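For reference, the structure is listed below as structure tokens.
Just so it is clear, A, B, C and D label the chains in written order, and each chain counts residues from 1 on its own.
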């Protein structure tokens, strides 16, 4: 009896302590964001971004001074007075990122975040946006829905974020996206690949939501057009039913391949994680002969899929979207495996800017694993461009600018949005091919248009 | 009184920390739901998150505006696609569907014991998730349900938890609850005095299913959205761990387990962001909170195998060693 | 012919899972413990293989064996205090250990998969007529058979095996008769480590990417198999593991293309039906009515 | 003998376990207001017979009738609700519940309201001399008290027939004579039929109206205490071995 009470008391103390601690933290942070002097630029304060940021962002050195100034009196004053300095155009422009640094999206969100930090540093060094510095604050959501929502709220209310970045999976990002668009903020996901970012999922308020990823309909189209260009006439299409993105890429491939005179001889997929991947060799060999296999899935099951197909003696070229990027999953000696991606991480990217960015990240000890990192840079560049054009950080105005982007030049190439499509289309893809386990850049290629799916 | 408490909490804590409280209350309510069945019967169910999922999806789909629903989820059966319900109605619907589903599942499965029961209920969870994710006539497919009205505030979350605790308390004090607890103590003796194990378990299973459906609806009205992976394995393991760490055989244990793990989890993730505590500043490394939480759970289990509550129960005059059955 | 190929595929998957099931069944038999963390033995072994990619197999195989058996023994230490705790407590304890190890792996290697490369050629196929058989399938069946036989011989013919069975049937009485329970349980865990190593080495040619969830994915399926097969004895547990893998593959092949997304539903439905019809296990003789 | 209302009647009961015969063609009747003793050496099939009568096991052949109804395939709890209850050789008290709760829950099991259950518990605790222990957990009771609690718990279901499985094991002589009075009380005041399985021969001979002797799964003898005492085969098989 006594023991329980003690345990309960400790627990209660822990709760209160935790909560007080964090509320105190919130109070401590306030002066950081409301630092009155415009020249006091703070980026990536460890207060909210405890993760040792791999890249020293512009004004990280300012954090200690700001911290030491944060006396209780300051906090009280800050709490009492209006703290909307950021919105008034005086302080830094805050970009809040509610992203995953722990769970299954961390391999995508992490590199995008690092690229965003490098880009912010570059922009700040060049004088910022509208004369204001950019400041990135991030919170790890661990893909937990409640934590995702709380992270977004924390960034919006405590950090006074002007723009919100979310994780790269639309379903796990939804709690944060909804908080962002509800607060009237431009809400951007670095690398969601479906057309779900925007009004098609979130209704009218979804006008504020965008993704810097490549639209699945566009990516499927480019893969099909490349296949046609290679002279392939017949295709076996193998979608992974797990994600809408995979289904859409493979459907778009089918659509465009047939539009261009190709013939899809079989379309039969599997589902990641339900252990059906080991059946793929039979599915593929049973489909008969074809010139190309379009495989839309991701690690870990893509390894078993590709290796299974090759080990079964099938030498047909395999085409994959960005989800097949990276060396980490490649079985040894992989040959005739082609994928489309944002950037080559194998040192042979045709763009000097991209290679410079990769170098900056590698120097910081965070070499990217796939080309998806570039979307973090693109997000910052697009946001900066929109703020410059709109002369404001107002979400609706920024969204209007985003919808007008047509061929906007970014490190990731020229990007376009439309009122209907809030995910990038028309970007030039890097077509990459693995031969004998080595990846090689083939060509830059943009889709003539996104394929239309029913 | 509750409103005052909630109001008090909301003035003291920042908005994002309040959301963690919301979440703690709702998740703890789920633990209490599982307790009603598993705690009283002694048969662990891995399937209760199915009922949470059913409740959450039903409430989510029916609280979406018909127009948006038609645009995003065009395949739905017309009666799902074209109808819209108010917040309260979705809570009732979710409880009804959760109870009905639990009844159907229970009719087949409550006859099973031990691990067979565990695996069978786990299979129900797998089926529920698979169907909701792939049968686009009844669910949103591999997409989240967006735009659910966020009507679960701090007060509502706390009320939902208290409601669940009260229902659980009334049930376990009722004749039916006492009969079920007798079967947990000694199944053979219970049969020997005429207790129908099957019937008693089915009552508890259905009741807890209805409660779980209700909590699922509260959950979706808190999150504002839901997807199948958010009400699947991770949540199942979390809720069960909370139940066992708190103490599976008492309502107090279930409540204590849910609240304490939630709050430690919050503390740790705040710690990753940087946390001032007793004038000391702590910063935990990224992604370390899961490691610490798992280690703490293991330590609690090793030092208190019967859970934090160690069999103690809520009582009117403080905590008693064990309340009447 | 198509159906024969389906059958071969199903046998292939079944034989892989039977190896994992054997390990789970052994620990359950001796300790009445469902070890959810059994999969993490495979996961940690997988990362060991990843870290030693390119080394000689003569170094890697003993090293992986050492790591996995070492981890199995550590787990035994962690579970030791809970030997007489309630089953739910033990289960959640193994879950906590599994969660701990997965969290560490996630922090150390991130959720991004890592490619392992050992005995890669084993998953190549040879053809008999139109039929395609992977070498790894034959090896799995052979290894599975030999290990099942070996463990059974060990249990039936050696002193420690006999003690193990005594502990399995009633630990208190065994203890009272002077059986050194700790030694027996430690041996069982070490043995389960050996079995996990064998399973891992045969999984890798076919599933060469290790993620933090790599082991959990496999262990859950194998565990379901063990319960369905009948967990009280080793052979039924192993055949249970085989059956679940076999059914997983067979159901997929037999479902119409458009319905294959419902694989999990059909499979879990079958599991429920089997449990309702034979709660004691598919391959278990009927239990005597509970004696009162 | 034909089945009559007011009796529990088993006809030609047999039970085979995996080829081994545990019980073979046993016919037995217990009437209301009557105590039948069931004796026999270890392994004679006494427990099997009780299990078959109470629904904890089912016969390979033969039937069980309760007051005119064929209850052969009825579940245990259904039999309890129809007035046929048993106790257990090894106590099987609900270990975490108090003595009072053990009795109350039995009453609740047969559908009594909580107030009624509480009243019954008070009465039965009094009757069994357990009133002092009413709030002690069953697991902490001495062996003898645990047996008595088992009987009290059975009586809380308001049975017409009670099968007592070695209720006196662990009782001392004073307690045994008190227990004999309780059995008679149950028979006389509650008008119940009682089947008493017991090794304690003086108790059986003293309290039973008739005695049924099993040996190796078959009926060896049946009759009044006097008849059984003088039955040569019984003396050989059983009485001689233990009573001597």
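To be clear about the criterion, a contact is a pair of C-beta atoms (placed from the backbone, for glycine too) under 8 Å apart; a residue touches a chain by one contact, two chains touch by 3 or more.
Here the structure is a predicted model, which means the values were calculated and not measured.
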Note, CA centroid farthest from subunit C's centroid sits on chain D
Check: interface with higher C-beta contact count, B-C vs B-D, is B-C
Chain with Cα centroid nearest the overall Cα mean is chain B
For the pair subunit A and subunit B, the C-alpha centroid-to-centroid distance in angstrom is 32
When centres are defined as mean Cα positions, the distance from subunit C to subunit D in whole Å is 48
Per the C-alpha means, the centres of subunit B and subunit D lie apart by a whole-Å value of 44
Residues of subunit A that touch at least two other chains are 102, 106, 241
Multi-chain touching residues of subunit D, meaning two or more other chains, are 56, 88, 92
Listed in rising order, subunit C residues that touch 2 or more other chains are 106-107, 261, 263-264, 290, 292
In their shared complex, subunit B is touched by residues of subunit D numbered 54-56, 75-81, 85-88, 92-98, 101, 104-106, 108-110, 113-114, 117, 153-154, 156-157
Within the complex, subunit B is touched by subunit A residues 1, 3-5, 7-8, 11, 14-15, 17-26, 28, 46-52, 101-102, 106, 139-140, 142, 145-147, 149-151, 153-154, 157-158, 170-172, 174-175, 177-179, 196, 200-203, 205, 241-244, 247
Residue set of subunit B touching subunit C in the complex reads 44, 108-109, 111-116, 118-120, 122-124, 126-127, 129-131, 133-135, 188, 237, 240-241, 244-245, 248, 285-288, 290-291, 293-295, 297-298, 301-302, 305-307
Interface with subunit A, subunit B side, in the complex: residues 12-17, 19-23, 65, 68, 71-72, 134, 141-144, 146-147, 222-227, 229-230, 256, 259-260, 263-264, 266-267, 269-278, 283-284, 286-287, 289-290, 308-310, 312, 319, 321
Contacts from subunit A onto subunit C in the complex sit at residues 102-107, 110, 241, 267-271, 273-279, 281-282, 285-286, 299-300, 302-304, 307-308, 311-313, 326, 328-332, 369
